[in-house]
Amino acid sequence: MLIRNNVSIEATTSVIIGTMKFVGENLTCNRSGREIFSKLHFEVRSGEVLVITGKNGAGKTSLLRLMTGLSRPVTGSIHWDDGDIFCFSERHRQRVAYVGHTDALKSVLTVFENLQLWMAIRGPSQGKELLKKALSTFGLSDLRDTPVAELSTGQRRRVALSRLLTADSTLWLLDEPTIALDDDAIGILISSICQHRRQGGMAVIATNAPIDISAERMLDLR
Amino acid sequence: MGPKSRRLSFILMIMMLLGISVALVLAALKDNIVYFYSPTELLMKEPPMGQRLRVGGLVKQGSYLLENDGITSRFVITDKKSEVTATHKGVLPDLFREGQGVVGEGHFNKNKIFEAEKVLAKHDENYMPPEVAEALRKNGVWKGSKKP
Amino acid sequence: MRGLQNNALKISLTHPSFGSKSDKISRTQNNDMFNFLANPARFSRLSSKMKPWVGCLTLCFLLFGLWFALLSSPADYQQGDTVRIMYVHVPCAWMAMFAFLFLSTFSIIGLIWRHPLAHVIAQSAAPIGACFTLLCLITGSLWGKPMWGTWWVWDARLTSVLILFFLYLGVITLHKAFDDPVRCEKSAAILAIFGLINLPVIKFSVDWWNTLHQPASVIKMSGPSIHFSMLTPLFLVAVSFICFFFYVLLIRIESILASKRLETLHRQCGRRAQ
Amino acid sequence: MIRAFKSTIHRELILLYRRGSDLCLTVIFFLLVAILFPLALGPDQGLLAQIGPGVIWVSALLSSMLTIDRIFYADFEDGSLEQFVLSTHPFGIFVFAKLSAHWLTSGLPILIFSPVIGIFYSIPLASYPVLILSIALGTPALSLIGGVSAALSLGARRGGVLLPLLALPLLVPVLIFGTAATNAAILGTPVTPSLLLLGAVLAATLAVAPPITTITIKQAIN
């Protein structure tokens, strides 16, 4: 059992192969001592996109944070096909990239510095080439030396999303990614997600805005 | 390094630091932290005039006297080896007795007399009724002081 | 209806798990004594049965203790009648430390085993302990003036007790500091555990530093150095204080549980109205 | 892991440098508080020499508390802390790096400027080594314990008031032993016990404070 796990760590860090599964079972989530949802199931496989919809306060963000491992469910478990996300938390964090409500950008640093620092802090770095590619994909090449303080909200959002491309993560967790983005940027985002999906990655998107993507799975939180 | 061995090394490091901490505390407690000086220490040290310090010891039996102005009291602080003469202007605490512990805070004047601005009585951890104290004293089991 | 309320409250008292390991524990131990009191309604029933007894005990011990302390016990050979302040001061000091130990113990239980009632107990104990600490400081000050000749000295014992008082204040403030009740409980628990370092400092400060405060009299290696006739009222008052502590504790736990239940009901009504 | 530690310190220092005023603020505040005392008490050399060590320590404590609330709060607000937790390295590394960076930017300047205050207070030159050693041992403990309080009051309703209430009682031992060491050096009594105790406090906080801070922050962003 142990040996099998070790093998799969190496397998995932280099190439994403085969079908992986990310499953939540019988989840109950409390916020401030209040139950938000219970007995919730979800499942995502390699190459699939899960879109979570629901009213404000239905628990979209809470569910996404459960998936990141930042908070723990009251009941139930979330696991990959090779282990629970809390038991093997390091491996889980390696596989996950999360873009939340907040952009996690420092306004006094330039776009490039922000991304570079996050790459250095996040883990094994892929080098500057990947970073430049990520910037150009999101149309930020001209802004790379501009301090984030001078960017508009939409541009900041682009920077935050371009961080997804700098990390070699299997699972993208996006919380309302389209907010403040123009049509152009939404198009880039969707094509990035599709590209990611083609490479065997998976994405979970929590959104209220209709998003033009052919999601394999939908989850409606009432 | 896997997560498990890393956690183990973290715990070892914490234990080591705590061990160092305990060792340092024990080393520090070997020499007492000084809240006050005994007269012997003072004589060896010869503090400069006007330097503020605390002197602690027992009030020497029969040394207490009230000066003519009616508020200045004069007494000798002793540690049974050396003595320091002290004066204090004002009311002495209830527990100020000859033979009992006392801590004075003040400075030495030019006549090498300790002018205590503040006198604090230090009492021991023994509590008993007067009759018991008397009985103990009679039997010679315990040497305490009498009320003056 | 009642069952429904209890159920809702039980949910509101449990919170996101601290570790998946403890999930298993709570599942396997469901019928254990450990979880017996997890149900607030059961606890309330038990506590309302216990409360009059504890109250009576407090009253009895206090009356006996006071009679001994104020009338029957002799005056000290040196301090005279002033020594009677000791019968309030020393038990208060013991209670201040005991209450903090109690608080930290339940904080640990709450953090590690996530017993739903542990944080409530800790939250209830904090202000009681703070009051005992304050009383200890005030009576000590009143005792210090005639005996040492000063209201206050900055020595190790007095300072460390003052720190204890501020730690209590910190814990109490943290219980109200956040919007999220779970966050309040955990932060306060962490501070309570961190503050535990202070207790040995208080206990041994008089032995480690040569200070004005007298060394330990009752709890020491060579046996107490207080005469029996003075030890009796001291212990009687101490026992009555312990009983009093638990009496007030039960009242406070009940009131906190009641307010939580009220909140849950409010929420349910609100949701139904929507 | 060491890379992540270095990158985080690097990040904190760049942020502080870009923000500019913060570093000067600590030093200026430290000097200002220390200068206020002679103005209020009058220029009695004997009195000043007597209160000098205490004043230096109180000013050091206050000025390090001035900046401690910022070490986690800014990152808490903009979501950076979540990204730190989700990085592949253990979160404790980042916490420790941030605390170290705080010491570098508040403890170290205090250490450098304390002899200046010593001159103002006519503290005898012979006792400077002990003064500096005690500050070198004490200021890391200030940062570490301050970090625990900052983490505990993270996102609290009245964080500004709460932080000193939590921090000051915990800092009292540092203050007492630090002042005692310097005073002993001035009076010519043995300095080792106080310095040893200061070292003990530092070792204990080094062992206990970072893990507690880590746990507290993790549950704060939960």
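A few comments on the model shown:
Labels for the chains are A, B, C and D, by order of writing; each one numbers its residues from 1.
Assume a residue touches a chain if its C-beta (ideal position, glycine included) is under 8 Å from a C-beta of that chain, and two chains touch if they have at least 3 such contacts.
Because the structure is predicted, anything quoted here is derived from the model rather than measured.
Comparing each chain's Cα centroid with the centroid of every protein Cα atom identifies chain D as the most central. The interface carrying the most C-beta pairs in contact is the one between chains B-C.
Distance between chain centres (mean CA atoms), chain A to chain D: 37 Å. One simple way to say how far apart two chains are is to compare their mean CA positions; for chain A and chain B this gives 66 Å. In this assembly, the C-alpha centroid of chain B lies 33 Å from the C-alpha centroid of chain C.
A separation of 46 Å divides the Cα centre of chain A from that of chain C.
The residues of chain C that reach two or more other chains are 16, 179, 182, listed in rising order. For chain B, the set of residues that touch two or more other chains comprises 3, 29, 32-34. For chain D, residues that reach two or more other chains under the stated contact definition are 90, 204, 208, 222. Taken in their complex, chain A has these residues touching chain C: 29-35, 71-75, 77, 84, 86-87.
On chain D, the positions that touch chain B within their shared complex are 46, 50, 90, 92, 180, 184, 187-190, 192-194, 196-197, 199-201, 203-204, 206-208, 211. Contact residues of chain A toward chain D in the complex are 68-72, 90, 93-94, 96, 98, 100-106, 108-109, 113, 117-118, 120-124. If you check the complex, the residues on chain B that touch chain D are 3, 6, 10, 13-15, 17-18, 20-22, 24-25, 27-29, 31-34, 45, 47, 50-53. Within the complex, the chain C residues that touch chain B are 73-80, 82-83, 86, 146-150, 153, 155, 208-212, 214-217, 225-227, 229-230.
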